[in-house]
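There are structures below to look over.
Here chain A shows up in two complexes: once beside chain B, once beside chain C.
Here is the complex of A and B:
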């Protein structure tokens, strides 16, 4: 178990710069999820931590040890791949035992450790089979067993659940989290699936275009997005981000939104801003806390069973609200909606958060 | 089912015609000729003149008593074994090397190894004729003379003092050079088809290059190794063109450069023109080839590889 630190890591592939200065600290025994859309550099970051790529600039530390230019085998890491990467010509037992055999662990110890890992993943009945005799979920378990069998200091996961069907994915993600708790390994987990990230992570690093946009616990990243990218990437449906105009006047600010105006008891700089509010934070009954109220028209209602997605129209501005309760009226009706002041996020047009 | 059978037959027909016309019929004809005393292509007189097993009996006596024929049998064994080894293991080594190095260099390197295969037989033969020529103007001789390694030219493939090994070395070397690129191409493309992550996973688990080769690369191309082994075995047993050139131009000793396949060819078309006898030897050659092919497949557990996977996918 060890902490992992990346300092100013830059990686270029030809003319494109995949990583533009990554600074990241993963604490000992923590699950850090690298989250972002494809092409954001999360897998490259993981490969640099694994030692499969060398950074062009910057350093990678495991504890006090500078591992920047060490090959994977001198890092005491394991990795689980999206494609499972289970060797088809080896039986399950041989697959799990492989990293131990490479490390010249005595035969008896190999057997003990493989048994331990197989029991942990509940695949002890499959040890005698070949991968082609297993289902996708079982292969995934073999891959995870192989990764933990060496008791690595850092466990790297590259979209490990993406090839599984939805139901299995939900089950496996909580299992992986429990397993990590039990083994206590430092885990770095790459995914583009925000729900997976929220469930598994102790902290999330949201990445975009080769930079880290924000690092923090899931609630913080969700509730307090540092910029419009993070605000828009997390949550489903994603946060409402609408353009508005801020007019500060004597200790408070009026924000012109649609036909309405909301007053924030804080002095902000004037000019164009982006106002953000999460769909489930648009309320149809006045809350007890400080709030603003707006007039809106119900444009369209999507019924998802447990949730209702309500599309609202405020003049030219469209907002999406989410509620578990009955919609406040039929399509076309006018309603009053409320947003707590603390649920209102304000960003500069360039994206940074100002409130 | 009948419809499916007809469809299958329709699609198989072109190949069936080729196989029957150019393999089955000649085979039957050869077997037929092996029971006749046919010599000098006197087809009209001798093709329906049956002599029973006489050719086979002669072959048996030859194999038992003729020292030259003994040399042919030994040469066949040595030639097939060692050339096969070079073709399969050498091809594997070359494929691994070209797989591990940078793609651009790899391409040039593979093209280089394909040259012997692309060069016309006569040109390639001439090259080695010059190279191993016994006079002082032979490439190898003049080189070694200038370096002072030898004092007088060596007759590499024909000097009785160095036979049979020198002749065997030359025929194995020349044929190996032609054959090794075949394995290289097959194995290289097989390596390219292995998903990258299977190799990266082994690297992360701590495997060094040698261990990746031993535990991942080679076991994953088992099927291709079987294919190349059987294919090359059968073509080595039956091929004679390169040997023909080497023997004809006296690069190597006549008998220690002649395999059974070349012997059959020479007997039928060149030396004594005894087609009946050559046909008998050819039939034996086909039988040996078939048995060796089947044995190789059995040893390499071919049937296991083609059995469909069990269990859920």
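Here is the complex of A and C:
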């Protein structure tokens, strides 16, 4: 177990810059999830931590040890690859035992530890098989068993669940979390799936275009997005982000939204802003806390079973609301909607959060 | 025409083509093997196939005319060629498969470019060169020349074989404790083995079949094709058929055995 620190890491591939200065601290024993759309640099970051890629600038530390230019085998890490990378010419047992045999662990100890890992992942019955005789989910378990059997200081996971079917994915993500708790290893986990990130992470680093946009616990990243990218990337349906006009006047600010106006008891800078509110935070009954109210028309309703997605129209502004209750009226009817003041996020047009 | 008849017609056409190809390859092979064992008199009798058989000409060629020594020479030369061209070609093939470096494409083209020159043009200067450095009439000399001919193919084939080994599997090896050499010998090589074996087979046969260079470079240490070219072809027909059998049989046997082994490797069917 060790903490991992990245300092100003830059990586270029030819003329494109994949990482534009990554600073990140992963605490000892925590699960850090690198989350972002494809091409954001999350996998490159992981590969630099693994030593499979060398940064063009910056440093990587494991504790006090500068590992920037150490080959992977000298870093005491292990990794679960997106393709699992289970060696097809070895049986399951040999796959799991191989890292131990390279480290010259005594035969008896190898057998004991393979057995331990196989039991933990419930693959004892498969030890005698070749990888091509296994299903995708079983191969994934073998890859995880191989990764934990060496008792690494840092466990790296590169989208390990992306090749599984939806049901198995849901089961495995909580299993991986439980496993990490039991083994207590520092884990860095790459995914583009926000639900997976929310479930597994102690902290999430949201990435976009080679930069880290925000780092924080899942609730914080969800409730308190630092910018419009993070706000829009997390949540489903994603956060409503609508353009509005802010007019400050003596300690409060009026925000013109659609054809309505909301008043915020805080002095903000004037001009164009982006107002953000999560769909499930648009309420149809007045809450007890401080709130604003708006007139809207119900455009149409999507019934997803447990949830209803309600599309609202405020003049020419469109909002999406989500509720588990009955819709407040039929399509075309006019309703009053409420938003708690603390659920109202305001951003500059360039994306930074101002409230 | 309804789809069913069309499918049936296609089926017939395909079966016909397959039969045609089989006949094209199989009949000459069968006839030449049959004739190799034909009694000399029966060969010229006016019957569709010879009616009397003997081992005379095969035995004579092998044990008295010196074909057995030529077979041994051929095997030695072919094995040396495989070994040399793999020692030289495998690293190059791996480099082409895994690394991007300046001049990569030009080098690849140059490899094929070597084959632009007819062997004859290389053959004669080689005789002079070998005489100077004391390699004339030696098996090593022939093997070196064959290596030069086989090398471009070995490099290109092995490079495509190595490209077929997923990079992930090598990276997993690196992560779990292997150095570059360990990754190559314990991950890449075992996975590339079926393809490499096929490439080795190809190289073996290339050397086994090569006539011209072998005939020019040797005098007493003939390889099999050179031996047949210079002696058996000047003999009566039944000797030619026997010689044909001697040169074809080991190659066929080798390919069949190797193929069976290849197909069952790792329990995965290899094309």
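We take it that the second predicted complex is superposed on the first by the 355 of 355 C-alpha atoms of A that agree within 3 Å, B and C clash if a C-alpha of one lies under 4 Å from a C-alpha of the other, contacts with A are read in each partner's own complex, and residues count from 1 in each chain.
Here is the rule we go by: a residue touches a chain if its C-beta (ideal position, glycine included) is under 8 Å from a C-beta of that chain, and two chains touch if they have at least 3 such contacts.
Please read these numbers as outputs of a predicted model, since none were measured by experiment.
In this superposed model built on chain A, chain B and chain C take up the same space, so to speak, and clash. Look at A:81: by the touch rule set out above, it reaches both chain B and chain C. Legend: residue contacts after superposition of the two complexes on their common chain; A:260 is shown touching neither chain B nor chain C. In the superposition on chain A, A:98 makes contact with both chain B and chain C.
In the superposed model, A:58 lies in contact with neither chain B nor chain C. In the superposed model, A:39 makes contact with neither chain B nor chain C.
Look at A:21: by the touch rule set out above, it reaches neither chain B nor chain C. Under the contact criterion defined above, the residues of chain A that touch both chain B in one complex and chain C in the other are 50-52, 71-73, 77-79, 81-83, 85, 87-89, 98-99, 102-103, 130, 132, 146, 150. On the chain C side of its complex with chain A, the touching residues are 166, 168-169, 171-179, 182, 187, 190-191, 266-268.
Of all residues in chain B, those touching chain A in their complex are 195, 197-198, 200-208, 211, 215-216, 219-220, 222, 309-313.
Contact residues on chain A toward chain B in their complex (touch as defined above): 50-52, 71-73, 77-79, 81-83, 85, 87-90, 98-99, 102-103, 129-130, 132-135, 146, 150, 156.
By the touch rule above, chain A contacts chain C in their complex via residues 50-52, 71-73, 77-79, 81-83, 85-89, 98-99, 102-103, 130, 132, 146, 150.
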